[in-house]
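Two complexes follow with subunit A in common, the first pairing it with subunit B and the second with subunit C.
== the complex of A and B ==
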């Protein structure tokens, strides 16, 4: 697909014809148009706050990148959900251990690292099993999604439960040093910038480096990659744990930027929504910023729907899954016609 | 008696997964992986519960479940067979469609009650000590489930239709060359699989939990997909796998009921970890070859 695009001669004609020769530019223009329409028409109409939307976009970007990186090597990581949850546990452990003794400038980088390591470790289980016994990573990461929230629940209902919290299953409040800085009096936190940076870094990693090229070859045809002397197992392993690490940073950002405590049900479903976001844009990291924003709009609108119309929060999955199914169907038809 | 209670619970709680796994097995044998099994189970659970609630009888509920599950699986079939989209992505989306639809439509059924599928004793057999309570004091669907593995084995390996189904899973082109439509075979297989998963979901709410809650299956459909791989696409081994999962569930519940001093959260992990463990063991051994048409989806990198 991409090689065909690359072969399209560069056309410098103006307007629509010009955009057709530059799919990346066309997509960027499309996303820009969408953001403008959302901010000026959709959000006021549905009473959606753009700040909430931006805040919700952040974890979706990280969970989407967690899918996009392994996808480049032909791997399906459905485990963003579990990697996100497990990373929050690791981050909280570090906060509870060191939070009172370190200044923010030292503590926050350590917490980012904790998120990276936590997410990578959880994905590492699936990565190791994939490489060692060729266990399908999609199923493995999917099953682990049901385990990670139970680990979180074990800690907040048990050893980490704050005695002063009226019997609620929450950890004690994070100290200020363990909270991401916010902009002014808003809830807009530094994590939003992290997400932007992460998307650009992943784009560079996948599209401009030798590793990214190797991953693409492995994803295209592992047998050819092996014969060409590429370290297939190493690329598979690194792709999966990088994905996990990205989801882990998402968890770190959510628990330190928004919540400030560990409790059950933080970010439930975010991993799956990130999966949808990445598939919507064919795992292109920069476009993911747009699809994550789109799904965040639906999700935030769903929150107000839930409050106003009394719908369960999971109802938004209906809209999101229908969007993805329609996109998958159309893209599938288009590719089939192209190759037939 | 702990062992008797656990074994009886194993059979009862394994049945829903058993139906889903056998359904998924039929689908995969035709060349289509359906991660939407989880959604089909949920749809079946709600359809079964709602109709049983409305009619006051469980039997129409089970039938409605089968129809609803087949329809939802039909969405997956359309997207992957007709439109040729990625099977794992479409399946997961279908699961979330099922989850969203059922939590939305099901919210008024949360406090409702139903006439459950009651256990039926089999004269003579049920009074055998130990074996009776374990095997012969169950609902009708559980008895049907016990027969399902052998029946599907007979269908797949001893009938012409089963041969065509397996041939389609190995190579759609070869099946086509012999005059069979791979598209038709796969649609039928995927929708039958969805119907079976939905009947499993119906058994879950009509004979096991006896109430409806949002996301009542908590991953049983995904476990079913995993069990098919563990089973090496063999129906009898899939039955065994379902009861291993059921056993872990039952043991965990019995331990909690008896007040064992282990965190319930850690105990709740056991069924999923056990499923993973048997998958690992199965992949280490002389692994069964998957049907050729789904090998591309599962990928062979790192093999």
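== the complex of A and C ==
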């Protein structure tokens, strides 16, 4: 982001013409402009807390990346939701097992790993079925979304229920060592940095590595990939479980950074909003930071609109879908005109 | 039990429809088992169902495109009877076929097309000899055969050695039956056959893109029975495919990036590839100059068919392959590039590569091949020396007549 900030004034003085040949820079400039306008004009006007926005952006980024990586290989992962939920279960299991005996410096990396493994395992079911019996991964990941919350519910209603919580279905409070450190007195936690790093890592992985090139070929024409001797099935498998692992880290960040307990209904819908965020920017990981922030702003603003303007909470989803539909429709128009 | 017909009207009135079908079937002498599922019917039965469907929809003119290609001989006879009855009913029928026997059995008039040009028009087939028909189909003018010294193989390992291979297509239909074929190093073997005789499958098998059901297959001395294209590429096989837009062009990738898709040695840089170095390496290839391939930074999917073909040819030849599977290598090229391509393939053969050449153009096959094998219905029906064979005889073989 720092290079983007440096580049914007220079490019703006050079005028829009200068941006024409650099679509990536133009998009970055656009997102930067939006962030500035949001922070200086929109948020004060609508009484939105920018910290809340950043915190809400984090899971959207992870769930968006969970879509972007498989998308590069031509796969549709609608399962960010389930991968997110299942990873929280795995993370909680590790916390309950080891949380009291380890210091944060050892425990937190283990929890990140638990999130990675949990998300990857949940996506791995769909990935294995896709590779072995050619089951459609979109359908499979989507259906698994309905299973993961049931597993979560089983544990918090059953073995992990905290007896001191007045019969509420929640786990024990996580010890401090299992909480992501926050910045000063704010609620801003380390997970925000994780999201930034993850987006950059995914960008490097997809755009600069040999694996990313292979994934692009598989996504562009699987038959050509096969004829080129690429390991198509392996690329498909890795792309899906990498996506799952990213959603899993999102779940880990949410449960350790914000909640501190496991309960049902954490992050419900985040997977789908991440899906929107990724489609909004054509699955480009760096642009995803912008679209996730946009959707987070709408989502947080929705909360205050409910209180101040008395709008129903669903109006937020209406707004989000309108944004996505408009963007996709214009992109569709552009491509049909381009080929005509 | 499903009805074999699309229902008419708003509601599905099974009985009325069944009666309608029964009457029509009887009138036209078609035998249709109404209560059977389509997938349980034989190809001939399915075809009768299709014909009945057209009749019920009120068709008075029918075009049948290669109606006999999937039928057993008795079924062909049955079809001929049905078509004659339909003709007598007053329907107009157009039949597209590549079998002379069909023409003789079913047609009143025959029109021959070759390369989009009408060769003969509206002639009663009974007035024509087989020889005349074959000549109209494959053309008469003899190509100038370039004398080419036949060389002894440089390397005793054959480029391709297939023994009695059977290959299955989707749903278990055999598309190659007991094909045996050896291509020595330095040899160009042409494959002649009307389209759909198994050329595509043979080309794919040679590149290990398909697994074989039985028999044995070696490419450059390596076993290739299990259909692993990466192994064939590593063994030193390269190919130009029949339909590059479907099987080779990747949307959104540049010309240079496509060059990396053949196990060509690509310089690496950090975690990725050094595309600039690859672009320079490609520019330095003699083939890139001869074929004048498009600029490395352009997207391959935006280029014309001929340009795509040239890029892929260049890619196939860039690796100095031991076996070149060239399926219609000159398709879509202008004359200058056709000659350049033929020249390059022959030079590769002289340098010790085995070449498997498919072409629709008999002239090209006669010009380039040391040997021509003729495929008909998935079998090798003959293997001939182009210098001692008339193209007319090859034409007869292609059409399933004994030479």
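As a working rule, the second predicted complex is superposed on the first by the 317 of 340 C-alpha atoms of A that agree within 3 Å, B and C clash if a C-alpha of one lies under 4 Å from a C-alpha of the other, contacts with A are read in each partner's own complex, and residues count from 1 in each chain.
Just so we're on the same page, a contact is a pair of C-beta atoms (placed from the backbone, for glycine too) under 8 Å apart; a residue touches a chain by one contact, two chains touch by 3 or more.
These numbers come from a predicted model, not from an experiment.
In the superposed model, A:227 lies in contact with subunit C only, and not with subunit B. In the superposition on chain A, A:263 makes contact with neither subunit B nor subunit C.
By the touch criterion defined above, A:172 lies against neither subunit B nor subunit C after alignment on the C-alpha atoms of chain A.
Look at A:74: by the touch rule set out above, it reaches subunit B but stays clear of subunit C.
Look at A:135: by the touch rule set out above, it reaches subunit B but stays clear of subunit C. In the superposition on chain A, A:157 makes contact with subunit B only, while subunit C stays out of contact range.
Of the two partner chains placed by superposition, A:27 touches none, neither subunit B nor subunit C.
Greater residue coverage of subunit A by touch, when subunit B is weighed against subunit C, goes to B.
Contacts of subunit A with subunit B, set against its contacts with subunit C after fitting on chain A, overlap at residues 223, 225.
For subunit A in complex with subunit B, the touching residues are 73-76, 78, 129-131, 133-136, 138-140, 142-147, 150-151, 153-154, 157-158, 218-219, 222-223, 225, 232-233, 236, 272, 275-276, 279, 310-312, 314-322, 324-325, 328-333, 335-336.
The touching residues of subunit C, counted against subunit A in their complex, run 207, 209, 229-234, 241, 246-253, 257, 260-263, 268, 270-273. On the side of subunit B, the complex with subunit A involves touching residues 35, 75, 78-80, 83-86, 88-90, 92-94, 96-97, 99-101, 103-104, 107, 214-215, 218-219, 222-223, 225-226, 229, 263, 265-266, 268-269, 272-273, 275-276, 279-280, 283-284, 287, 298-303. If you check the complex, the residues on subunit A that touch subunit C are 204, 208-210, 212-213, 216-217, 220-221, 223-231.
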